[in-house]
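Take a look at the structures listed below.
Each of the next two complexes has chain A plus one more chain, namely chain B in the first and chain C in the second.
Up next, the complex of A and B:
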């Protein structure tokens, strides 16, 4: 599959693709009745080769700005930023061959269809057009975008256009692709396509850094994630760790009599936090020792109730981030 | 189907989604321009007996020169409109939208893209112009006018220079103008600028002269007009600017003019590196400017609609004027003069103004009066003031007519008004307004704009 593209990584063999140390932005937020604050403050992050990062947070502007700084599009006030172990050019916005930045969907040509546009974009990569078209078409279908492959670009939504540009970027020689569209709302089908494209990007040895406000996107596509709150990074690590460490809900119970079950369980499950949210009883283990779900199931049965529905929580990024923000707000 | 489009081929297609459609539309556009030129020539022929024949004989003559002369000017106007509509596809604004950023990342060279874009646009413009030119000549053949080849190359080159100049000017401007609305205003401004330049440098005197245009050398005779060297200098300067600027802009990722996705109620200030002070980063100036432009253009449109409608009402009132019931504004009777009996004081189809008079008015010999006889309105000059009335006669007897045939004695009570002036252009305009095309322009279009202005505005804003 996609012959000839597995090994293409722009000839870059470095490991550290992005190194940001104590970066503070030039931009400040001004809000009536509040003290001006830097949009980004003391940002430190290391992004390595073949990693897929989801940069998220409460403000799309903060996310966007962080990735613009990372892509050498905006300057920063203080700190250090190094791209692929080479440093950062003084000239801002200058095109860097190792950074493919996607900050909007206008760069696509509206008077072409998707396949035709990708053929034009990838035209310099292979002189054999027949072979190239076959590869691209196969790729589009595999990404689950077959139905739009012959649609005129002018008919696509801005989110669909962005995905088409991401496909083009995945064929480029750039070592890092920055997909900076936190203001876009991708529906599930497109999220799945992006997840498949990100797998392909990872396989070719490139790094994808996405700015997004969608937890689903991070969950499906990313290996790593970071969360910006109040201009600072409050989490920085793998998606797996985030889900395991911050989504503490072990078991979810649904029943008409949730209050009754909760009262009984409060006695039977010391060291657990019980709460009702959106018509569900959420059971969290507060200690390592009590984390086993089998133990909680046993205790539920001991209450004498037979709940209509019990499930083991699958640990979502959304829940983890909610918990993370809650903790951050409490600390503040 | 295998897509083998190069960047040049994509550019040749212009705004259309298929190469074939692009070519067909361009050809259709060329034929349309030729056809419209021909139609305008016919409309102008209905105004032959008006001021236009004296002022612009070059467009009124029964000759190939007139149809082609109209075509070269119309091609300029139509191409400007075409450029304004498809501005996004035709000029360098795609660099600002970062379309080139993507292609550069995919291995395309900015230099070759600049060259491809430029040559594709020029090639398209030249082809459309040539086809339209040939079609106009072809249509004129049916009028059986004598075909004079010698002024064809001069006319062709003259139109081509105008088109090349506006194309290159807009290409250059597109590298500097950030918003599409401003770019469109600037396109209009460029077209006006070229017309002003041609007038100021005496180019119109050269090209409107059928005799001088029979030699192509007269176009390049700098003693007659400096327009060609001026155009050549502007084009050369623009080409250099284009290559340097486009190459420069293509090296950078272009940020949108304004910040986006800002939290509600927040603005952004940038820290000055030297002083550490905060300066507001975004300005509402662009928005304010575009609001001023919108207000001005809306006001202008309303003014034009109202003027057209008022003009129509005026024409209707003048047309329904009958002897004894002449329509007047503040005592002035407007009267469309339909003969050349008073030439050269009042020419055929002039709008003459007569001051309403009563029996106490003292007339003098030489006054031109409007009077009524047997329910017919006449305009003649007083040659003798008599007790019983006035002896009047016309100034100009048509050839083959009996001099003195119109000599009359008019009783004082039959006089309706005395001649105070004329407007040759308003007369021509009324003549035009009475043609079918004139009715469409002055009545139907304003009516559509007046009643469907919201729908028209919606279409415009959607396109924007």
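Up next, the complex of A and C:
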């Protein structure tokens, strides 16, 4: 589909893109009356080729710092960090050709339009400039960004600029792309575009590591995710596993009389956890045996109520993380 | 008037058309370049053929000059390629057709007995002189042979007294070498 592109990684097939072992940051959080703690502590993660990672957490600062260490921008206090099996230079702020770092949207040229900028960024890939122009133009449209394809960069929002830079990164020869913008708020349309670009990046054998506070972004774009809480990683694995293991809500009920339904169901559904949240009755199965939603539907009808709305929970990243954080707080 | 932020469908289509036009233009240029290449090949072949002809002519001329000089030095009739001979007109008997000093190219005849009226022939007289005159009459001899009455083109000349027999015919006139 997008011919003219080839993965160039010095001809070396590298599987481990990032290896972080027991990394602790130099930076500390200082709060009055409390013992200072390191912003990041004992961080261990392995990121492999062609994986799309969403690094998230309660603090944008923690996320940003972790990705800055990964990109060789910040020093770390202890531990070991290896990028693309080439080690990490002692001197920081050295630009690594195998890492495309996106830490802001200022790197885009405002005196060009989107297509012109991407042509400039990807110019060395193809000698036939006309073919490349057509390829990039159609790529922008396929990614759902047709409406900004010929827009002047100066008129774009910082989020739109960031997505344009991500396209430039996807056309680069860097094996690893770090999209470190957890403070940015991407609307759903842009999230969908990022999801499509992520697919393309994955297909080309590159690795994308995104710092984000958006659960939707992780759900739509990422194959793997990790959650930082209190400077530590409390989850590290695939998005699918996260959703299946931590979003335990089986059925959601909406009605004016949620309290009445809950009281009746408490009797009819032993082995289930019932809770009301944001005007919704959430029904969780506490045992493997009771996980069948058909059984829960039957019991709801047995209450004698006909709820306005019943749905099978589609297991979202947002719910999974809420549960994860809850469990972490309880452990503490 | 402030510029609209978003790219419209029309602008997208216009860009697609522009890319298509440029591609077609490039294709045409490519085709022209390929055509020009073919044309240059033909031109190259023609030039090579020209050079071959020119060099052949030069070689022929040099070999002719060499053979003429060699024949002259031996007192023989200069010839080249075995069938052509060159003569220098030394008298005014054929004026105005040939001025004195004109070089003429002649060919050894395949059938000297079948010459026609108006042919210019070079022959040996009975006294052994070499003369170039025109046949003015073809005469049949007894026994089926032919004899020719000859005459110089100069109006002051009368017909030659001796009849020319085919065995004394040396060559038939082919062409006058220009500028001689």
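Assume the second predicted complex is superposed on the first by the 325 of 332 C-alpha atoms of A that agree within 3 Å, B and C clash if a C-alpha of one lies under 4 Å from a C-alpha of the other, contacts with A are read in each partner's own complex, and residues count from 1 in each chain.
We adopt the following convention: a residue touches a chain if its C-beta (ideal position, glycine included) is under 8 Å from a C-beta of that chain, and two chains touch if they have at least 3 such contacts.
None of these values were measured; they are calculated from a predicted model.
Overlaying the two complexes via chain A leaves chain B and chain C side by side, clear of any clash.
Contact with chain B, but none with chain C, is seen for A:106 once the two complexes are overlaid on the shared chain. For the three-chain arrangement built by superposition, the Cα-centre angle with chain A at its corner and chain B and chain C at its ends equals 70°, in steps of 10. When the two complexes are superposed, the chain touching more residues of chain A, out of chain B and chain C, is B.
Within the superposed three-chain model, A:151 lies in touch with chain C and out of touch with chain B [touch as defined at top].
Residue contacts after overlaying the shared chain place A:130 against chain B and chain C alike.
When the two structures are aligned on the shared chain, A:141 is found in touch with chain C, with no touch to chain B.
In the superposed pair of complexes, A:97 makes contact with chain B only, with no contact to chain C.
Shared-chain residue A:183: touches chain B; no touch with chain C. Taking the two complexes aligned on chain A, the least Cα distance separating chain B from chain C is 6 Å.
Common to the chain B and chain C contact sets on chain A are residues 115, 130, 133, 152.
Against chain A, the residues of chain B that register as touching in their complex are 2-7, 10, 13-17, 89, 94, 97-99, 101-108, 251-256, 259-263, 265-271, 273, 278, 280-281.
Within the complex, the chain A residues that touch chain B are 26-32, 36, 39, 59-61, 64, 68, 71, 73-74, 77, 93-95, 97, 100-101, 103-104, 106-109, 111-113, 115-116, 119-125, 129-130, 133, 152, 154, 165, 168-169, 171-174, 182-183.
Listed in rising order, the residues of chain C touching chain A in the complex are 3, 5-9, 11-12, 15-16, 19, 22-23, 26. The touching residues of chain A, counted against chain C in their complex, run 115, 130, 133-134, 137, 141, 146-152, 155.
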